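Next up: some structures, all given as structure tokens.
The same chain A turns up in both complexes below, where it pairs with chain B and then with chain C.
On to the complex of A and B.
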């Protein structure tokens, strides 16, 4: 190969990588564009303020209630597990860290089945089961976020604390305080992910056209309203489904973009 | 002299680690417990059966396994070259100042909920594909369509991990090739990519794991009729079969249990795939920390 063909090949292949990039981000804008244009049609105060089938107020409230209970389960367990892994290193801690990584790849539908067997089949607490399913998905991410955040706290801080006579728990509390922003970031990103999960809710929280009545009943959610309404052979219902999708995508993208701009943090897979 | 003071934090945090372990163990226990009825009734023949006819009590897992493997294979075949291109573009060729924003665009695709991608596929992509592709004459709800939708969803994962592995390659590796008179492209393909291969491979396997477990988007575009059929016909994956039929199965114990056994198999496969992927990615990250 002479120099000219080599240079030509260099140019062609480099342009192809740009093409690959453009091909990949077309769906992003296409999907967002579709949701905006179809979602705006039926988006009004009635959609936000009424119960189904006129609106989806209970789904907006339900999404956040399910998320709040998910936090109650996943945050204490996840953060404390992360503390152990980061502060008491050893073969067991390393194994737990690896296990958490592997568990972050558990398909969401599996979390739904597990929560069905453990919670729904025994207590019929559908709403609680939804939160349990989502906390199975969230827990590994919280563990790893806490671990990474604590590991990035400089050791000199711990040494200073110990030198002043602080016991280990106080030293760790100081390290946690330094790492809290980073942990919050991880929690927010994974909250954004689980808010869009639908598959686990099919087996658990499901669909409700009533006001929120407690975690032992069906609890409506935005993701489930999208799933329910868009399969109706009814134009008005479908338009309302797209509006729910628009609200959902706005919340999720706002969290993702906000976190990225404020912290320059990468998306966790 | 060793301090004899007890460390309450160690005890408490260790207790929470065990709670996490219980969470993880519960996954396996619940799946096995839920599958027991079909495990007893059909034994190993569940995975050898090539027919899925719930109304007649015939449950064979092969059509669903076939659907999972074919959709994932199509997705990987489409996603890997595109993701590698993106990774090379983001790591070496894009203007550094806007690199972070360009990366953000790719990563945001992964943030869009699966259910929304699925309905976009149903309302927008399928009509588009049907009007362009002559081989989709039987309609757009096919294994092939599901593979294309999956590809869109796993590109961000493979691209982001490949980009990180490529960035972790020491600069001297590329500079050495350039000094010998190689073009940019030759330096990247012959000295940077081989150096980054284990991380890239890890990313591909992680993307494969995601593809296997992806549920809602697939359920909406694959047609959800299990069968071992050509790629331009409707099929079903293990995950889509569970999600799509849960409502009608929940009152029939054996049907429900069959879906749970599919879930158990799906879980074991993704577990294996994720262990391999994470080992490769951790090796890449360690290398980056050292080099």
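On to the complex of A and C.
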């Protein structure tokens, strides 16, 4: 094989990978482009500031409230579980790590049904049930990212702490403090993920056209507004649904960019 | 390359076990010294592999004791047994006793014992999330800021201790303008002296140093060696080193370990000028290891 054919083959392969890349990003840009063009139609202060059917203010607030309660449930449990798995190794910890992996495969609709059965059917707390359902989805991610972050903390730091006469829990606190950047990254990325979940909310937090009235009532959310409004036959409602989709995408994008900035700053002094 | 090294060790090994070889477990030297720490019949394992075969070893008060020997001879394991770090390694276990001023450290609280027997590691390991001064006083904070009489140490006093130990480690003048920078922002040699300062802040009686200079350049090494000479007035120091010149320069006593045995333990001047065992001589003159 002479030089020229080798170079030609090289070029062909390079173009093929480029084509594949372009094919991959076309849908991505198409999705974003569609949401932007359709979402901008009805996006104005009224859409952001009014209650349904004129706007979706309660959905923006509701999304963050549901997320906040999800954090209250998933973060303590998830981070502590991750600490247990990474710092107190053993058969039980390995089993837990495996269970977290299995749990991350639970379909979101099933998390919703389970939450309905456990929370709504017993207490009728719809909003709380929404957060519980999202917690089920978020927990495995938080557990695993905490575990991985702690495992990436060099053992020499634990040894340094132990050799100074620190008790085990303080040594763990040092490791946790060192790993907090990666843990925050995992938490934020999984938050962005669950914010866009609609299926777990169908039977739980659901839809509300009123102000937020507490976690025992229905709590509106952006993802659910998209699902709800786009099923209506009138144009204004559909346009408003697209606007809600645009806001949701902007929030999630902002979180992702925030994570990028957060993780980049970690390596500067 | 590894084959060559292996062959050399094999040769020595053959000599060790040959009839006229020097199979030693009983070492006479060290009986006359005033012992701060006493290692008695220490055996240690990593899973099935025995790394220390059981020997006695005394560490002289306010002296520097060097432990030398080829890679894998058990010097790090020995030093890690002496402040109960060995037991934290998964699969590691040990038998025998380690005594500090006549107290069996394995019968006392491990946390308390580790604060009386400080340790400096091979690679500098300051806490990256803490500033220089916070690193220096981290040991006190990690132990709950408590003094032994239960009284809390105030913030100003903590800063004072920070400055004091950084001074002792010869680091204060270099870092006094950057004490709020991250400990990881210092140079390697400075980081190691920060680690020494950190170990000193908890007021240990013994300082164990596991190859403290192997990751450092010659200038930093020299600074650490000078520091060790300063520190031995108040502390008993045990230093594991790969570097025989370093052992000859800094230590008062030298122990030569080979394959889990204490081959020879002498005053440093004796071991380097007139070693008793042939194996020691061969190692010191660089014929293997």
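Operating definition for what follows: the second predicted complex is superposed on the first by the 244 of 269 C-alpha atoms of A that agree within 3 Å, B and C clash if a C-alpha of one lies under 4 Å from a C-alpha of the other, contacts with A are read in each partner's own complex, and residues count from 1 in each chain.
The criterion applied here is as follows: a residue touches a chain if its C-beta (ideal position, glycine included) is under 8 Å from a C-beta of that chain, and two chains touch if they have at least 3 such contacts.
Fair warning: this is a prediction, and the values are worked out from it, not measured in the lab.
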| item | value |
| --- | --- |
| Which superposed partner A:113 touches (first chain B, second chain C, both, neither) | first |
| Partner chain(s) touched by A:99 [first = chain B, second = chain C, both, neither] | first |
| First (chain B), second (chain C), both or neither touched by A:154 | second |
| Touched partner set for A:177, first chain B, second chain C, both or neither | second |
| Partner chain(s) touched by A:167 [first = chain B, second = chain C, both, neither] | both |
| Partner with the higher number of touched chain A residues, chain C or chain B | B |
| Touched partner set for A:91, first chain B, second chain C, both or neither | neither |
| Footprint overlap on chain A, where chain B in one structure and chain C in the other make contact | 167, 269 |
| Residues of chain A that touch chain C when the two form their complex | 89, 154, 156-157, 159-167, 170-171, 174, 177-178, 180, 269 |
| Complex contacts: residues of chain B adjacent to chain A | 5, 7-10, 12-17, 19-21, 23-24, 26-27, 30-31, 33-34, 81-86, 88-90, 93-94, 100, 102, 104-117, 119-120, 122-124, 152, 155-157, 159-161, 183-186, 206, 209-210, 212-216, 239, 242-243, 246-247, 259-260, 263, 266-267, 270-271, 273-275, 277-278, 282 |
| Chain A residues touching chain B - in the complex, by the definition given at the top | 6-7, 9-10, 13-14, 16-21, 23-25, 27-28, 30-32, 34-35, 38, 76-78, 80-81, 83-85, 87-88, 96, 98-103, 105-111, 113-114, 116-118, 135-136, 139, 143, 167-169, 172, 192-193, 195-199, 202-203, 223, 226-227, 230, 241, 245, 248-249, 252-253, 256-257, 260, 264, 266-267, 269 |
| Of chain C, residues touching chain A in the complex | 83, 85, 88, 90, 111-112, 114-116, 118-119, 121, 123, 125-129, 138-139, 142-144, 181-182, 184-185, 195, 198-199, 202 |
